[in-house]
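Shared between the two complexes below is subunit A, which pairs with subunit B and subunit C, respectively.
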Partner chain A sequence: MSGRQEDIVICRCEEITLGEIREWIAKGYETFDELKRVLRVGMGPCQGRGCREMILREISAKTGAPMADIDPGTFRPPAKPVKLAVLAEGGDK
Partner chain B sequence: MTLERTADVVVIGAGVQGCSIAYNLAKMGVKDVVVLEKGTICSGSTGRCGAGIRAQWGTEMNCRFGLAAVEKFEQLHEELGMDCGLNQSGYLMVAYKESEFDQLQKSMKLQNSLGIDTRVVSYSEAREICPGLAADDAVGFTFHNRDGHADPFLTTFAYMEAAKRLGVTFHRFTEVTDVKTVSGRIAGVVTNRGEIDAPVVVNAAGGYSQIIANMAGVRIPNFSERHEIIITEPVEPGVCPPMLMSFSGNYYIQQRPHGSIIGGCSPEGHPEDYEMGSSWDFLEMMSRTFIKLLPRTKGVRVVRQWSGLYNMTPDRQPILCEADNVKGFFLSCGYSGHGFMFGPISGELLTQLIIGQEPWIPIDMLHYSRFERGELLVEPAVV
Partner chain C sequence: MSATLEAASLGCHVTLVDSDLALGGQLIKQTHKFFGSKDERAGTRGFKISEILLEELNSYKGTVEVHTNCTATGFYKEDGVVSCVIGEDEYFRIKPEKIVMATGAQERLLPFPNNHLPGVYGAGAVQTLMNVYGVVPGKKVLMVGAGNIGLIVSYQLMQAGVEIAGIVEAMDKVGGYWVHAAKTRRLGVPIYLRHTIREALGDKIVEGAVIQEIDDRFQPTGKEIKIDADVICMAVGLTPTCELLWQAGCEMVFVPQLCGHVAQRDLFMRTSHKDIWVAGDASGIEEASAAMVEGRIAGVGVAKALGHGEASEHSGRLEEFKRRLADLRGGEVGQKICQGISCCTVNEWGV
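Moving on, here comes the complex of A and B:
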C-alpha cells in the first residue's frame, strides 16, 4: 500500500485518515460503532454522511463480510443540526 | 474466538467498571480473567455518559472516593499507556437558593477537611472561569479546579488494552443468560455461546445488574432510569471550560476539548425502563437551559441527542461487595449516575476484596444489606 493512500482523510469532520482507520480495524475495532468510539469518525457535524460509506467499505474489505451485512451503526437524532434558539422555542415538530 | 470452558474470574459487562476490575485483577497477578460483553466494548452507559469527574461531594465516603478518583485519573495515561482525554477545568457548582448555597458550603467544609481544595467564588470570578456564563440569578458558587472530565471511550479502551496485554480475554457479542451456583457458592455462567465454570463471577452489568443478580438468586433493589443528553457542533474553545452543575437548576453542562458543548439533566417523572430513546421534550427543555446559562450559544446547532441508563439504588450510592448468600459472586453496580468517575477506584477496591486484601478505602457500608437494615447513605449532592 503506498503511503499516499494511507494519508487520505476519510472523515473530514474529525480529520481521520484511511491509515488510522485501517490501524484500528486491525486491532479488532471492526464495527462502525467501535471505530466511532475510538476515533470519533461519524461524530462530526455531518454525522457521518461524509465518511460512513467509505468506512463500511474498509470494514467489509478487512472482514470479508458483504457490505449489506455490515451494521452501519446507530443513527441519532436530530437528522440535521438545529440551532439551540430554534429548539428552545419548540422547534418544528 | 472460542469460549473458554473454565476461568479463574468471569467479569460480566465491559463498561468502565468491568474493564477496570479486569485490569486491576490481572495487575495483581490473577490469571485467566475473562470479560463477557453482550454488545461491543463500552456500548452501555459508559459510552453514553457525561464523563464528569469530581471530588465535590457531600458525604465523607464519596469525597474520599472522588478525591482518589481524581488522583487516579491524573496518572492514568502513564499507568495504562494510552491517553484518556483527561481535562481538568474544574466543576463550578451553581446554587440558586440560599438553602442550596448553605449545603454547598457545608459540603465544602467537609471537602476541605479531607484535602479537597474547593472554594467559594464570586459571580465575577465565576465568569472568569466560565466566560460564557450568565447566572445573575444565582446566589453563590463553589469551585474545585482539579475536577473535570475525561473521554469515556478512551478511558475504557485504555483499561481494556492494558488488561489484554496482561493476558485478560474479552468476548464481545457474548450474553450471559444464567448464573450457576452450587450450595451457596458461585459455579460459573451460561452464555449464548456456551458455559464457563469459574469460582469467582463479577456482576458489572450496569443497567442490567439486577437481572444478573436475580440469575444468581441475589436480590438487590436496583432499577434503571433513562437519562438524556445532547451535544452541539464544535464552537470556539473557552465558552464553558468547567463543568457547570446545579442541583436546583437541574443541569450539567460542559465543553469538550474539541469544542462541542454537552449537556444533560434529570428527567422529569424519571422514566424507569430499559428504553434508550430520545424525546422532544428533553431537547426543548435542555435547549432552553443552554441559552439561559450560556446566551452566546443561541446560534449554535445541536448535532446529536441520545440517552443511557442510570442504574439506581434507593440511596443513590453504589453496591460494591461480595454477595453473602452466594460466595464468590461479587457486585459492582448501582452507581446512580456517577459510575464513570468511580470506575478506576472501585475497580481497585473490588480487586482487593476479591483477592482477600483489606480495601484501602473501607467499602463495607457499600454492601446491599444496608437496604434491608434501613441504613441508607444519603448523598445530598446529585443531579
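Moving on, here comes the complex of A and C:
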C-alpha cells in the first residue's frame, strides 16, 4: 500500500505525486512557495485550487507545524487562465 | 445576490459578476427544503429561493448590471482594478469604488490511490449534474462523508434511481441532520462510521473502492472492505475560496471552525482592505441561509461607506440581520461557527 500512496497524484495540473512532494519536504522545502518553485505545484490552470490544501496538510504532517502557521504561498492574478490574445485586446471599461 | 440587493435598495449602483451560467450559486441545485428560521424561508426549496432573489433583483434593472459566465480573475491592489473574463473570449477591467467578495467555496479532496480515475466526483459536481442538467453520474455510488451534503446528495441520487452502495464517515457519528440520515437509513443504505476510503479500484474507470475502519487517531485498523461502485462521491467538506482576498492583501487567518483561511472582518463584514467586504462561504463555511444574511450585512456596509442611506437605517438593518444570524446560529453547529467567527472579527478597523 505504501508504494501506491507515493503514486497518488496531488497536483493534477502539473502531475506531481505525493511521493515527489514528500521527497522535497524531506530535503527541507517546507513551504508551499518553495515546493512551487521546484515542482511547479499550483502553477497549472487551476492555480492550486485542487492541491494547495492537501500539500499544506502534508507539510503540517511532516514538519509538525500546525496548519495555522503554514504560509499558503503567494496568490497572483489571474486566478484562472486567460488567453493572451484576449488580454492583448485590452478591455477598458 | 443578497449583498447586491441590499446595496441597491439603499441606492448603490452595482455590477454583479458570477462565474456560473445562472445566478443563485449553490441554491440552483438545492432541491431540498431549507431548515433554519422562517425569516430565512425555512421550508422553501433552495432553487425556489434563488428564483425569489432573482425576481427581487429584476426590480433594480436601472441600477444593477449583471454579468453571468463571468469570472473576476484578479484584483490589482496597486490601483484597485478588477479584471474579469466573460466566457473565454471577452475581457474587461473595472474599477469599483467598493467590492463585496462573495466567491463561495471549493470542495475538499482526499488523497488516496487512484483518486484521479474517472468516476471520482465531488458532491457538488454530482448535484450540478443531476439537479441542474438532469444527468445521473452512474449506477452505483459510494458516498464519502455523512454530513448534510453527503446525506442529501445520497437521498437525491436514490430518488433518481441510483443505488447507494454505502456512506463512509470518518467520525463516530453522522455529521448531518438526523432527518436526512434517517431517510437514507430507512431505504437500507449502510452508513460506515469510523471508516475511511483507502483506495479506488479500477483500471481505466472506477469499478469499486476499498474502505477500512480507523482508530481514534484516524489511522486505518481492522479489515479492509471491498465495495462495488462505478462512482465515488466525495462529500468531505468545503474550504473558502479566497484567491482575490489574498491578492488584495487582506489580513487572513486560519480558522478550523470556518474550514480554512478567511479574511478578518468587522461587524459589517469589511476586511482589512478599506474597499473590500466579504460574505458567504468565502468568509467561512456555513449554511446558505447564513450566507444570504451576511451578504445583506455586507450590502449595508458598502452603502454606508458610500454615503447611501441614513445612519439610523444602517444601524437598524445591521441589528435586524444580526438578530437573524443569531437565530440561525442558535444550535450546536452554530456554537462552533460563532467560536470561529470570534477568532476573525474585529470591532472596528483602526483607519
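Keep in mind that, in the parts below, the second predicted complex is superposed on the first by the 89 of 93 C-alpha atoms of A that agree within 3 Å, B and C clash if a C-alpha of one lies under 4 Å from a C-alpha of the other, contacts with A are read in each partner's own complex, and residues count from 1 in each chain.
One rule holds in what follows: a residue touches a chain if its C-beta (ideal position, glycine included) is under 8 Å from a C-beta of that chain, and two chains touch if they have at least 3 such contacts.
What you are looking at is a predicted structure, and each value in this text was computed from that prediction instead of being measured.
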item: Partner chain in contact with A:Ala26 - subunit B first, subunit C second, else both or neither; value: neither
item: Touching partner for A:Pro72 - first (subunit B), second (subunit C), both, neither; value: second
item: Touching partner for A:Glu34 - first (subunit B), second (subunit C), both, neither; value: first
item: First (subunit B), second (subunit C), both or neither touched by A:Met43; value: first
item: Subunit B versus subunit C as contact partner of A:Met54, first or second or both or neither; value: second
item: Contacts of A:Val9 with subunit B and subunit C, given as first, second, both or neither; value: second
item: Of subunit B and subunit C, the chain that contacts the larger number of subunit A residues; value: C
item: Subunit B versus subunit C as contact partner of A:Val82, first or second or both or neither; value: both
item: Doubly contacted residues of subunit A, that is, touched by subunit B and again by subunit C; value: 47, 76-78, 82-83, 87, 90-91, 93
item: Complex contacts: residues of subunit A adjacent to subunit C; value: 1, 4-5, 7-10, 12, 18, 47, 49-50, 53-54, 67-68, 72, 75-80, 82-83, 86-87, 89-93
item: Of all residues in subunit B, those that touch subunit A in their complex; value: 40-43, 47, 153-154, 157, 232-234, 258, 278, 280, 283-284, 287-288, 290-291, 297-306
item: Subunit C residues within the subunit A interface of the complex; value: 71-76, 83, 85, 88-94, 106, 108-109, 111-113, 115-116, 198-199, 239, 241, 243-244, 246-247, 253-254, 256, 260-261
item: Interfacial residue positions of subunit A with respect to subunit B in the complex; value: 31, 33-34, 37-38, 40, 43-45, 47, 76-78, 81-85, 87-88, 90-91, 93
